[in-house]
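Chains: A, B, C and D, in written order; residue numbering restarts at 1 for each.
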Amino acid sequence: MLEDVKVKVKETFGFESEPYDTNVLLIHAERNSVRKLLKFLKEQGFNYPHTISVVDYTPKGEGFQVNYILENLFEKKFVMVRVNLTEGDLTVPSVHDIFPPLQPHEREAWEMFGIEFIGNPRLEVMLLPDWAEGLYPLRKSYDFKKHRKPSKEKK
Amino acid sequence: MEAWLKALLFPGFVFLLIVFLMIFYLERKVLADVHLRTGPFYVGKWGLLQTTADVFKLLQKEFVIQRRANKLLFSLIPFVAFIMVVMMVAFIPFSERSWVVSTSFDLLMVLALVTGMSPVFFYAGWVSRSKYSFIGGLRVVNQMISGEIPLWLSALAAAVFFGTLNFIEIVHKSSLVSFIVLLPAFLIFTTAALIISDRPPFDIPEAEQEVVYGFLTEFGGFNYMILVLSKLIELFAIFSVGVILFLGGFKGPILPGIVWFFIKLALLYLFTFVVRASTPRIRMDQLLRFCWKVLTPLALLNLVFVILVKMFIS
Amino acid sequence: MGNSIAASGYTFVLEERKEVSGEDLGLLQEKLLQLNWGVQHPASGPMRLKVWVDGDEVVKVDPDIGYVLRLLEKLVEYRTWINAIVNVERACFMDDFGTMAGYSIAAEKIAGVEVPKKADYVRTILCEAGRIVSHLLGLGGIVGVLGVHTPTQWALIAREKFLDAFEVYSGQRIATSSIVPGGVRFEPTGKFIEKMVTAVDFLEKEFIPRYGEVFIDNPTLKIRTVGIGKVSKEKAVEIGLAGPALRASGVPSDVRKDYPYAAYGELDFKVVTREEGDAYARYLVLWEEIQESAKIIRQAIEGLPEGDYRTKFPVKVPPGEAYVNVEWARGCFGFHLISDGGTGPYRLKMRAPSFANVWALPEIMKNVKLADVPVIFASLYMCHGDIDR
Amino acid sequence: MEIKDTLSFPLETTKKVIRVAKALLAPKATEIWWDKGVKRELHYRGKHVIKAELCIGCGMCARACPVKCIDMVPTGVKKPRAVPKVRANECIFCGLCEDACPTKPQKAIQLTDEYRMIVEPGTWDNLNQFIFEPENLDEAIEKAKKMEELIEKKKQEALKKKMEAQKKSKGEEK
């Protein structure tokens, strides 16, 4: 089944894909056609989104990586769509209308890494306190000693 | 005994207070037994003083008034509620001699005071000026009004059967026949009592998980204690009326009357505690449907039945 | 209700219905009352649900989470491969074995370490015991929000027996940190097996009959839960429900069966599903899964092989990554673990099932009564530590 | 159908109520432990015991600690160069330090079944009370010093012997 998807993705989009693990297919996608690709994958039966996993590779000079992990609940297969971003341009089109459950995941990725999902209606602080907006704590460059909450002065 | 001594000591305030501490203790112990726990244990012998300690804890607490609340009404409402419920108890004969007042319209008086409680509790929610209190207040009015109709109807059935409203006369007239004839009325009365006094499974106005503590949310310390106490006394009064009307009050062999009265009362309470441990809370719309579509028609039918029986007997 | 209150000068925060629900209601426009269901609320736990009510009807809810955020994903980056387990297990205190097992399997996959068979079996026993421990609290929680605390207390008695077994095994009752990359940390002694069998015996012979005859098929419980928070099969997949909630809607999704890990491939068990998809179905799924887990534990104890329980795990793990799922008590927990060749994880992304469920709430809580909010909330069986991580 | 339901509902509810009441007769699950005390399992992960005479000062425990609550305190002797000291207020009692300790057959750092440790409220001011120091540290240091002296002596003797031997051999050469 994953072989079929691999061939079809190659034919339709021209994206390379490789087996990631047993049951998991890794697709190297591009930012501009990620929406089309995810729509295509949903039609293929990968209709249960797991998460958006962002990896910060900036210390290694590679920018950011956005992984969409989708599951086919009935065929029991996974697909992982990987989009690489450069450090200067952290924007990805949002897929909240294709996969509604991914909307909060996009929100989390935005507040933790600062990746902007264009079209997401609700990019606001969710897990972090209000004062921590824009600190992007899961980035490798985040120094937790610097960003302490300004403590109340003692009486 | 002097009248004022009666009101103050027995069967007045002091007696009432001890009875309530014991009822509260009993509730905790029974619930703990059902939960397979030990319950209160360390304060006093078998934890008997635990509830007393809790009362003193509440007395020590700070007197908090919500900023937006009406200060006068907020502090006044608990006392109004308390005075009203204590008046109910004054009419109840615990034995042949131990009562504060006895009139020819005892039953009417108690039921009228019970009916008067609903606006008091609603105001308690209203003057708190808090969302949850307000919803709790609305719920309590809804619930009490729909519970009062069956309560009145079933109590009136007993009054029709005995032909009097005086409690002591009712007790003297009661017999095994009256118990059997009034059994349906008794069941309706107990259910209505649970509804009126917000006992589980009808604790909708105070539903902790839905509206925090309903109209009690903003009250703390002494105020809270008084309000909760008045709720408890209300149930106590209604149950006492139930015991008098349907279970023969202080009548009973060998033991003194007051002991029989409290044995019967304790059985009723035991029933409510076990119900509390097994029956989940129902929803407001379900309660209203139950009250108006099931309980009230049943109570009316029961009234007709009792009148027919009365016709045949006389 | 709305307009009359506003007219009487009552100063609640009332909001235009149109603004809240986003739909044009024309002349029917009313003002709504916003309730803060949480953070300090008897049934909410450390999270807030903004509930807009019209009288007794809920118009819209909006979860506000993040009150127990610990940034576990960041903390893991400061740990070594072995001692990262103390962060992973703290995703939720109720079932800590599942998360540790998932992390360990991911780390072993990257390092290419083969785990001894005995460790696999011990992991299975522990994970299932953790599931039982967690589900017992879940059962109590669902009935508990309806004002009856008896189920919670009875469930805690059965839970204590399992915690005793954990203590014999690892020395702690909760937060056992007992599953590490490379196996398990402690030898499953005879005493541990004995305690575990005692616990399962108690569960099957005392707890299940006692609980089942009162709180299963309870008429009052049924009128409160049947048909409440109904989610169809398609809807459940679309809004991304996870775990018992997904299975209660009729989707047979169970990682233990679909992608067997540990010793699950060799054991015989069935995936509990129900078709109704309402709060009562979710309650029954928990109830049946407890019995199923007890059977798995018995099988695993019977088939416990001899041999080593731990192999050496390298200090430095070669670069690589893995995405591993485990069936946690609350659903499918995913670990996207990345190594850069260092002494600790480079990045760990945890896919939390409760996070998926909490964002399904706005869809499920449409046109319900205010009194149903806690029921639906508890029946989705979420853990706040898991939502926030 | 509805009438049937209305009739069966109170009956069913009453049944459940009576069944719950059965629990009133069942034995209690809790027990009064106050005077009896609690018995912990033998390898309960409680207070640390650090044996200075066994410690080799490798610092593996400090490296394995996930919360970095173990400090290596220098002793001033060569072996052990430093001994661990546990800040109990930060410790999460995971026992990973015990796993990491390389001494055999007995571990130098061990978690015991002693669990009642805090006798006073732990405030910021008395944090230093909640530190698990190594046991018999002074004796161990003295012993180590003696050992060092002994080794030194032996070394010197060996050196002397060597020197003498060299001298002898040199003499022989000459």
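One rule holds in what follows: a contact is a pair of C-beta atoms (placed from the backbone, for glycine too) under 8 Å apart; a residue touches a chain by one contact, two chains touch by 3 or more.
This is a predicted model, so every value here is computed, not measured.
Undergrad: Considering only chains that satisfy the touch condition with subunit A, which of them also satisfy it with subunit C?
TA: The shared contacts of subunit A and subunit C amount to nothing, since no chain touches both.
Undergrad: Between C-D and B-D, name the chain pair that shares the greater number of C-beta pairs in contact.
TA: C-D
Undergrad: Let me have the rounded angstrom distance from the C-alpha centre of subunit C over to the C-alpha centre of subunit D, please.
TA: 32
Undergrad: When the C-alpha atoms of subunit A and subunit B are each averaged to a single point, how far apart are the two points in Å?
TA: Computed value for the inter-centroid distance: 60 Å.
Undergrad: Take the average of all CA coordinates in subunit A, do the same for subunit D, and state the distance between these two points in whole angstrom.
TA: 42
Undergrad: If you average the CA atoms of subunit B and of subunit D, how far apart do the two points sit, in angstrom?
TA: Inter-chain centre distance comes to 58 Å.
Undergrad: Spell out, as numbers or ranges, the residues of subunit A touching 2 or more other chains.
TA: Within subunit A, no residue touches at least two other chains.
Undergrad: Counting only residues that touch at least 2 other chains, which ones in subunit C make the list?
TA: Where subunit C meets two or more other chains at a single residue, that happens at 150, 157, 214, 218, 220.
Undergrad: Residues touching two or more other chains, restricted to subunit D: which are they?
TA: Within subunit D, residues 13, 16, 19-20, 23, 26, 29 contact more than one other chain.
Undergrad: Report the complete set of touching chain pairs.
TA: The complete list of chain pairs in contact reads A-C, B-C, B-D, C-D.
Undergrad: Mind listing the subunit D positions that touch subunit C in their complex?
TA: By the definition above, subunit D touches subunit C via 8-9, 12-13, 16, 19-20, 23, 26, 29, 40-41, 43-45, 63-67, 92-96, 99, 111.
Undergrad: Sort out for me which residues of subunit B touch subunit D in the complex.
TA: Checking each residue of subunit B against subunit D gives 30, 33-38, 41-42, 274-275, 277-279, 294.
Undergrad: Going by the contact rule at the top, pick out the subunit A residues touching subunit C in the complex.
TA: Residue list for subunit A touching subunit C: 20-21, 23-24, 47-51, 53-56, 60, 67, 69, 73, 76, 78, 80, 99-101, 103-104, 125-129, 137-138, 142, 144.
Undergrad: Going by the contact rule set out above, which residues of subunit C touch subunit A in the complex?
TA: 65-66, 69, 71, 73-74, 109, 237-240, 251, 253, 258-259, 322-323, 332, 334, 336, 338, 340, 346-347, 349, 351, 355-356, 359-360, 388
Undergrad: Contact residues on subunit B for subunit C in the complex?
TA: 34-37, 68, 129, 131-132, 134-135, 200-201, 203-204, 207-212, 276-286
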